[in-house]
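Lettered A, B, C and D in written order, each chain numbered from 1.
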Amino acid sequence: MPPAIRLEAVWKYYGDYPALRNYTLQVAEGDCCALLGRNGAGKTTLLRVLAGLSPFQKGDISLLGWKPRSGEARRNTGFLGHGIGVYEDLSARENLRFFATVAGMKQAHSPISSWLERVDLARVADIPVRQYSRGMRQRLALARTFLASPRILLLDEPFTSLDDRAIAMMGELLRDARAGGATILFSTHQIREAMVIASHVTLIEQGKLRYSGVRTQEMLDDPGHLYREHTELGGF
Amino acid sequence: MNPLLQALWVARKDLAIEFRTKESLNAAGAFAVVILLLFSFVFDPASPEVATIGGGLLWLCFAFGGALIFNRGFARELPNECLDALLASPVSASSLLAGKAITSFVLLLIVEAVSLFVFGFFYDVRWWLHPLKLFAVCALATWGIAILGAAFGAMTVNLKLRELMLPVLIYPLLLPLLMAAIELTNNLLMNQVTSDSLLWGRVLLVFDIVYTSLAVALAETILVN
Amino acid sequence: MREKLVYILAIVGAVLLAWNLYGIFTVLPDEAAQGAIYRIIFIHVPAAITAFTGFFIALVLSAMYLKTGDLRYDSAAASVTEVSFVFACVNVATGSIWARIIWGIWWTWDPRLTSMFVCLLIYFGYLMLRKAIDEPTQRGRLSAALSIFGFVDVIIVWKSIQWWRTQHPSPVLSIRTGGGNIDPAMEHMIYRDLLAFLLIAAAIVLVRMRQEMIEREIDSLRRLAHA
Amino acid sequence: MDTRNFLFMFYGFLAAWVIVMIYIITLARRNSRLKRELDDVKRLLDVKETRAEDRTASLPHGRGSVQG
């Protein structure tokens, strides 16, 4: 089976500064890959390039066989960045309806209702997001990301600033998505949580690939091990 | 999904937000009316020459009001990083740009309608002599303003000096369009439709076609970087 | 190598210009109606053609940058635009000094002058936009887009004296009129001056491109330092 | 040579020369500014590198400690 996410010697520059250097990575369909690295190592850049938000200069990327930024790639990808990506002046239901419609979902009504149930926002679905608490917004963002049942999920620091309830919900959603055949690539610097969820890990330092492979029991027992073995400066 | 339909959905979403908050409508409408008021001190509002410069007066109001509208257009996508969410979604960059243009188009037409009534009221100009032609001129010129406004709103959305850069970049480019709109509107206000009108009408049309195609073609370049 | 080329271009351009100036003041005949001032045409017209050639080259370079993503095209486009902007300013300044004598006014709002003024504003906006963006790739893409939008006005300036009856004189060069509007000796001098201007402009562009390169280097080193 | 309007002709040539000269002066100033900035940023990098070396050297086995 061809990998769902494939990067071949990808270079991405900001001006003359290479933010991604010769990055090669394959994530097989159904895998959950944790993208690890320090702040500024290039995690966000890599995810933005995959999501088609930022062009890359050299190399080749394919998402389920499509180029990033192509219509098909975007239709099959769910992206959750640092921001929650929902409109403050629309209600939860309106937000979901908008994103469902532009994604080309027909008869979106019942999936929207069931997602609102699932993230426990059904009772407040018609109140503008402006009035939501932080946790409610984050749950709505999750619903937006998972709504169109994307086959690839790109999540940038999904656990940062989530409350416990949302973290639990996120873990559950990711498990369900994987069970449904989705491929997940998420960045994080909370290694312990990442190791529990991930089936694979890839380590990035200064835009370079340092390690990529299956998450082993050793990593689960000693999360710092990976960094000590594979980064130049060690530790973090 | 059809790109035009996507654009309409983006516009529908924006208009829903705008009618709820009325941020740019209030600002642009009030600004246009204030300019109309200020101009009454520049010349004698009772003199018959008002009709001969009415077009210029109106289109200055619309252009200045427009800047307030499309400054908000893409800025509305900044909180919560909605722009990223939209760009990563199946909406194409050109649909997004067109959607923003449609939003500004509708909002600006509303501002124009209000300004026209205020203008007729304050300056005693009978602007309704050729309602259909006037509407056609307004629609064509407003679309040109809206599409350039959307393109340059997208360009400047991530700049620190957004509010300053947008007018500096956009007014010079809009000038041919504004000149044509002013000439045509003056002719309509003075009730004298000449053969020149056709020429200026053509300028409007060509402007719309050229800049709309450029904006659609360059949408990816402008938005994804 | 590059430095040598700059010197060669600048020296050849300067020598040619000096020789042209000698010809303009001593050899060429006077113009019957205007007196000495008609000689401004030997600055005014070549400066305009230099500027517009530059804007066109910048348009092509911008399109090439968008196609290839190679930042050298972006640097070249920016440098060419900036130098062209300077020559456009020379064109407007000399033109308005000429107008003060011939028309009795510094400025008039006819389509040629208005569109040229707009042209200056657009490319001034281009230079401002470049200053306002720090990230070189984003700067390249956005300014390339602006260059494409803006070039529409250059076409309007160029064609305006044919489309409208303007106060500004009609075309004189025989490639546009088919000949007969200007003394061949004078026309010849315009082309010789154009060549000198283009050489000097090319020398400045090379210097400017080198600066753009250093600027990119500084930016990338800064990113490295903050990484 | 016809001397009518000679003064304004002179102004015209002078204006052209002045505009180009002003531009060339700004170019020269920018050149020296860029050189200075380049030096500054290089010095910044030097400092950073020496620090990184110090840190690695002071740690056992030349590797950092784990804090995560």
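The working rule: a residue touches a chain if its C-beta (ideal position, glycine included) is under 8 Å from a C-beta of that chain, and two chains touch if they have at least 3 such contacts.
In this text, all values refer to a predicted model and were calculated from it rather than measured experimentally.
Located most centrally within the structure is B, per distance between chain CA means and the overall CA mean.
The interface with the greater count of contacting C-beta pairs, when C-D is set against B-C, is C-D. Taking each chain's centre as the mean of its C-alpha atoms, chain C lies 25 Å from chain D. Centroid to centroid, with C-alpha atoms defining each point, chain B and chain C lie 32 Å apart.
With centres taken as mean Cα positions, chain B sits 38 Å from chain A.
Residue positions 55 of chain A each touch two or more of the other chains. The residues of chain B that reach two or more other chains are 225, listed in rising order.
Put simply, chain B touches chain C in their complex at residues 148, 151, 155, 158-161, 165, 168-169, 171-173, 175-176, 210-211, 214, 218, 221-222, 225. Contacts from chain B toward chain A in the complex involve residues 1, 6, 9-10, 13, 16-17, 20-21, 79-82, 84-92, 220, 224-225. Looking at the complex, you find that chain A touches chain B at residues 48, 51-55, 69, 71, 74-75, 77, 79, 81-90, 94, 98-99, 101-104, 128, 144. By the touch criterion stated above, chain C contacts chain D in their complex at residues 25-26, 30-31, 34-37, 39-40, 43-44, 47, 83, 86, 89-90, 93-94, 97-98, 100-101, 200, 204, 207-208, 211, 214-215, 217-218, 221-222, 224-225. By the touch criterion given at the top, residues 66, 114-115, 118, 121-122, 124-125, 128-129, 132-133, 137-138, 141-142, 144-146, 148-150, 152-153, 156 of chain C touch chain B in their complex.
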